[in-house]
Structures are given as structure tokens and as C-alpha cells.
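Before I ask anything, let me first share the structure, which is written out below as C-alpha cells.
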Amino acid sequence: MRKELKGLVIFFGLIFLFPLLVKSPYYIGVLVFWGIYSIITLGLTILMGYAGQISLGQAGFFAVGAYTSGILTTRFGLPPWLGILAGLGLSLLLSLFLALPSLKLKGHYLAMATLGFGEIVHVVLNAWVGVTGGPSGFGEIPALSFLGWKLDSEMSFFYFTWGWVFLFFLFSLSLLKSPYGRALRSLHAEERIPLSLGVNVYFYKVFAFLWAAFYASFAGSLYAHFMTFLSPSSFTLILSILLVLMIVVGGLGNLWGALLGAGILTFLPEILRTFEDFEMLIYGTFLILVMIFLPKGLVSLRRGKVATGD
Amino acid sequence: MLLETKNLTRYFGGVKAVDGVDIEVKEGTIKGIIGPNGAGKTTFFHLLSGHLPPQKGWIKFKGEIINHLPPFERARKGIGRVFQQPSPFENLTLMENILISLDISNSPSLFTSLLRLPSLGKSEKEKEKQAIEILHFLNLEKKLHHFPSSLTHFERRKMEIGRVLALNPSLLLLDEPTAGLSYREKEEIKEIIWELKEKGLTILVVEHDMELITDICEEVVVLNFGKKIAEGSPWEIKNNPLVKEVYLGEEYASGS
Amino acid sequence: MNWQNFLQLVLSGITIGSIYAFIGIGFNIIYNTTSIINFAQGEFVMLGGLILYSFHQSFHIPLIPAILLTLILVTLIGIGMERLTLHPVKNPTVLNMIIITIGCSIFLKGVALSIWGREVYHLPFFFPRPPFRIGGASITTQSLVVWVALIISSAFLYFFYRFTLLGKAMRACSVNPVAARLMGIKVKSLITLSFALAAFLGGLAGVTITPISLMDYQRGSLLALKGFAAAVLGGLGKEFGAILAGMALGITESLVAGYISSGYKDAVSLLILLFILFVRPGGIMGSKEEISLREL
């Protein structure tokens, strides 16, 4: 734990220094997105990298967090914190509904079920015009305030978001370094083995689902209050796939990999934007090359053990 | 009776893998299960550990029918199973492999774990001490922080026994514990089994090695095509004509 | 309820269902030899439609040779994709392979975008005749083309798998790749063959559906999603399960769009899909016994 804390302090120290060096709101904005995606991947890597379950519907929980807190604060004038809590509650409930029957499913069938969930959320966002504003979405979502400090600039939101990334990193790390984390890591083996040792595999699978949904939903609420505008096009299957790519490109089952992957796949499209129509060509080639030459993700570039990697 | 089965039956399609098997295992004894390949020994273990549901019959453990219990609850009730294929958790160290089963009976709340309250450290220390004791018993204490991939086949075998012992079981199911081991390694396993028996453990063991069976078992059950065809002391079994027929083929039985 | 209207909805459901079936079969062919899901399956469909457009409309090649050339080209793209990206991977894990196919899907979309741009392309019907009328509903000639293409290619596949040595080798490979290799079957070549077959079928689907539903560089993904649903619903690895499931999906969608709301059409078919998955985890054609055996 101590070794990881050192790495954490250095990494977050550099991140927190960034806005002092680069004052461009554009770059700070990109970093906010990196932070928001990192929160999702730090949860998702617990589900995919440790519990060995796949989710292609994480954009669904991201959307539930964003829309719940967006709608409650904008249309019903609720304080943003209540909106975020409501989003978390709804996401946990939905993930429980999804996780319980999913216990029976494996591999591609599970992928399909989660993908179906994400798509259903997307369709509802489009079709339930009265509440969600339909395809054109809705705006004027109030900004968050924190200890009387209104988070309406890129800079303030940057510190707020990365503060949460730090906390969520610590939570995931603590989880992995506890008996719960050990049990989660044991799920990577064939199911019969942990089962024969008294590990309630079903509980841990559901638990990992809820954990990942919680993170995604929280990130969604942050997103809503940062963008102050929501439309269904931000919550597609493409995003769900992108989130999985972040984890795999960074390094599956490694918290640093989750951060790194989220960073690279947030920055890459921004850089490629200058190539316009060739963006996708380069992006696809990048993914293929990483998977062929670094199948364990980019963290494997660094030798030795990194954080809680195995 | 610690363990009892009655008319236990499991089909795969039309094949009867386990066919109406009754056995009784008394507390503190070692019982062997033998039979040719495909006789249903491993399937029988699957039924006992709960990895497969039976189609007919029941299993009674400590006087209670356990048919409906999932594998992890049977493990918590005291049925510890060591699989035939060594299957350690490759991403966990030897110590952590043992801790997994110790966590079952001694784990602080999620809240305590996430906030890393002092009681987490205390329970971790306790469990580590227990794990070291178990590894010491198995002569593995030098490899505490190794990953399973750096262990020998024999060490992996022992590690799995240790993992199950950490559950503090009352019944141990061993599936061919000495397969693929050298003579000296076999002797060590034999000694471990004897010591466990002395500690009061009840053991059910599937084995091909008749010598091992004779050395450690009080009673032997013979399965063939899923059916129990004989039961008795190792000596009785060795001289049972039906068992000879099964093992040596019909030529021998017809007396040619 | 209006009978003619109902029949019309069912008929158009069968046509779109045929396309899902085509894609579902493609998924299954590759799944059977590699146990991965090829996320670029939809791009084969997209390429089929767009390449045919270029050959036929831009280069003015007559229809039949243009179709043949298109199918050959799409098949070669499928082979190239497997040889260049999946083949070189040394210790493949299922997840890595899937990500590679996602990379290929994005790459092929990128290629299509740089060649054809963002426009939506249209092709004329292969047989410009007025629609047939059955019981008050009408069937376009192009729908018939889609149906016939599906029937012929599934019959071909059936004979291929049952009666040819190569087809039997592919089935053996799907049951137990290690044993297949020990028996002298070249598993790696079969994997390439399966990509060729899947790409061919995808291309055929694209060629036949484009006159009905139009085509652009990103239309493949949504079709692939539904095709994937059909494959899973029919039981992964069961080629002919996908046909039934694809039809069921197509008809359901069409009826929901017609009677409830086209906005919710995708949600309803997906909800049905989720429900079936939860009730029958092996798909509608999969047996429960098989599942529990595979787990051990």
C-alpha cells in the first residue's frame, strides 16, 4: 500500500500542477474529461479486470447518473448533491436488476445483455421526450458548488474532478488490498475453484457490478454539471466500447492502467481531430497495433510490478 | 455418521455417470474410492461438493440433507475439496491463496475495509499467522510470497491441500492426491494424510494407487459404470473376484 | 386490427430479419472456429453495398459482374483482415482478439469514410418490376432477392457443413480445436477460411439490402448489433439458429414500429432479447443440459 501511495502522490501532484503551467481552458477542459472517464474506468476495471465480467453497457449507467441529476436539478430545482445521490441510487437499483439475472450468463451472453441494457437506456433517452428532451436534449443545468465555492470555471471544475479521481482511486485500491479484493481477484480462476473454497462467487459478481455502476453514475453526474447540457448522442454504444478499450489498452486489472488508458483514449481523438477524415483510420490502426504488440496493455511497457497489477 | 448418501444418481444424457450409490463415512475415518477410468469417481465428488446437482437421491452431511446447498455453502459447512487438476489462483501469492479461505470465517465489514480502520490490520495479522502455520505444516513456509507459477507440481499440490485446510473442514475430499508425484513426494503426502487423520479429520480419497489405498484407508468402495460394486477393507477388496474382473478383464475371471 | 397492414409489416420484418440472419450466420461461422465475436462483421455489409455502388454506378460495370467483383473484393478484405491483424497475435486471449476486431471495424469505417465520405448511397432494384401482391400486401422484387439469397446461401452452407470434408473439419474444429489439430486439421487455415466465408455472406447481405435500405459508411454497426442479437438469441455457434432468431427479431421490430412507436422499436426488441437471455441463457436453440456440462 505504501509503495502505491508514493506513486499516487507524484502522479496527482503533477496533475494538480498542470493548470498552473498550462492556462488554456481548452486543455484544462480535456483534462476534466480525462478525470471523468478515469472515474468510470477505475470502477469498470474492478468488474472486468478482477471479477472477470464484461460490460458493454457502462454508458447506460453514465447516462443514468447524468440525466437523473440533470433533470432533478434543472426541472425540479433540487440541490445538485441530492441529484447526484438520486442518480447513484437509481443506478445501483438498475445494476442490481441487471446483475442478478446476469449471474447465469457468461462471456458473450453477458456482453450481449449489458449491451442491450445500454441500448435500452439510449432509446429511452431519445424517445421519452417529455422528460429527457428527446434527441435534442436539454440544457441550463446548474453548476455545482462545493463549500460555498461555485464550480463554474474550467479551472475550479478541474480541481474538483481530479480530487474525486484521487478519492475513487484510493477506494478502489483499498478494496483490492482488503479481503474483499482478494475474493474478487480469485474470481479470475474457473468459477468452481473459489466456489469450493467457500467464496460466494455470486455475491462478488453482483458486488463488482454495483461498484462499477456506482462509479459510472457518479462520473455521469459530474459530466452533467460540467457540460450543463445533455443529449443522447453522448451516451451511445460507442462510448461503452470506448470505455472497455481504455481499460484494455491501459492494462486490464490494473488501476494505473485504467488511468493511463482513459488518458490516452481521451487525448488521441483530440490530437487526431486535425487529421479530420483520417481520424478513424489512425485510431483503428493504433488499437490493432497495441493489441498485437502489447497485449497486456500499455502498463506492461514498464517492467516490474505496478500498483496492484498481477 | 458424518456423511451419508442414498441412491445418489447423475445422468449425462443417456449415460449414467453415478448410478444409485449409497455410502456411509464415519467420523475420523479414511475411506477410499477406486474404480477404472470413467467409473464416475470424479462425478461422485462433483455431487458431494455441489458442483453438479444429482437427479435422484440425497446427501446427508452432519445429519442434515445438503442437496440444495450451493458449493460455497457446503465448503462453509465443512466439506473441503481438493481437485484432481492443480488449479491455484495464478494471480495471487501462495500466502494470499491460503488467505482466501481464511477470509471466509474472519473478515471485517466492507466499511472497515474501505476506510482501512485498525481492526482490518488486526484481523489480517491474525490470518497471516494462521496461514504461516498451515504452510509450515506443509513444509511450504519458505515460499510464502511466491506466485504459483514458480512452484513445482508437488508444491502446488500441497498448496491446494493447504488452501482447503484453511477452511477448517471436517470432511476432506481428495481426488487422486498423488497422481504424477515421485515416490518420495508420495510418502510425504501419505504422512500429511496420516497427521490430518490424527487431528480428527475425516477423509474421502479417490486414488488409482492401490498401495496408497491399502496404507491409509480403513475401508474402500469400488465403483464401476457409476455403480457401487463392492465395499470392504482393502484386503477384502483385493480378493474380491468381481473387483478383479473389473480391473483385469474378463479373461482373468473366466479362469483361463 | 387491419389484416393487410399486419401482413405488410410481417413481410418487411422478414426482409430486414433476413439481413440480421445473414450477419448472425457470419458471427457464428467465425465464432465456431475462433470463439471470438467479430465486431467488424457489420463493416463487411457496409462495404458490400458501397463497393457495388462504385462498380455499378460510378464505373458502369453491368450488374452481375459488378456483384461478383464486389463479393470477391469483400471476401479478400475479410481474408486480409484475418491474416494481417489476428494471425500475428502470439498468445491470443478472447478479449484481445475482440478488441482487434473492434479496431478493424473502426479502421474499415475510416477507409470507407475517406473513399465514400459521409453521403448516403442508393442503388436501383436489381429487377425493376412492380411489386407482387399477396393478400393485399405487396412484396418488392428486391425483398424476394434478399430472401432467395438467404435461402440459397444457407442451403449451400448446410451442404458444405454436412457433406464436404472441409465443412466437417470446420465443425470438428469448433467442437474441440486441440483434438482437431491433433487429427491433422490445419486450424489456422480454417480460421482464415471462416473469415472468408463470413465476409462473403456479409458482402452478399450488403449487396442485396442496399437497394432497399440505402447505405453509408457507418450503417454497418447498427446492423451488426442486431445480427449479433440474432446470433446470441439463436444460440452462439448454431448457424441455423441465427436464421430463426433473425426472423423473429426482424418481425418483432417491424410490428412494434407499426403498432406501438418507431422510437421504441429498438428498445422493445432488445427487452425481448434480454428477457430470453435471462430465461434461457443458451439462446432459444440452446439446451440447458449443454450449458451445465460446459461449465465443468
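A, B and C are the chain letters, set down in written order, and residue numbers restart from 1 in every chain.
FYI, a residue touches a chain if its C-beta (ideal position, glycine included) is under 8 Å from a C-beta of that chain, and two chains touch if they have at least 3 such contacts.
Just so it is clear, the structure is predicted and the values come from calculations on it, not from any experiment.
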**Asked** Among all chains, which one's averaged Cα position is nearest the averaged Cα position of every protein chain shown?
**Response** A
**Item:** Winner on C-beta contact pairs when A-B is weighed against A-C
**Value:** A-C
**Asked** How far is the middle of subunit B from the middle of subunit C, if each middle is the mean of its Cα atoms, in Å?
**Response** 48
**Asked** So, what's the distance in Å between the C-alpha centres of subunit B and subunit A?
**Response** 42
**Asked** Hey, how far is the Cα centre of subunit A from the one of subunit C, in Å?
**Response** 31
**Asked** What residues in subunit A touch two or more of the other chains?
**Response** 192
**Request:** Can you tell me which residues of subunit B touch two or more of the remaining chains?
**Result:** 51
**Request:** Could you list which residues of subunit C touch at least two other chains?
**Result:** 296
**Message:** With touch defined as at the start, can you tell me which subunit A residues reach subunit C in the complex?
**Reply:** 54, 101-102, 104-109, 111-113, 115-117, 119-120, 123-124, 126-127, 191-192, 237, 241, 244-245, 248-249, 252, 277-288, 291-292, 295
**Request:** Spell out the residues on subunit C that touch subunit A in their complex, using ranges where they run on.
**Result:** 31, 37, 85, 88-96, 99-100, 102-111, 113-114, 117, 221, 225, 228-229, 232, 236, 261, 263-264, 266-267, 270-271, 273-274, 277-278, 281-283, 295-296
**Prompt:** For subunit A, which residues are in contact with subunit B within the complex?
**Reply:** 171, 174-175, 178-180, 182-183, 185-186, 188-190, 192-202, 253, 310
**Request:** Enumerate the contact residues on subunit B facing subunit A in the complex.
**Result:** 49-51, 70-73, 75-76, 80-81, 83, 87-92, 96, 99-101, 103-104, 107-108, 110, 113-116, 120, 124, 163-164, 167
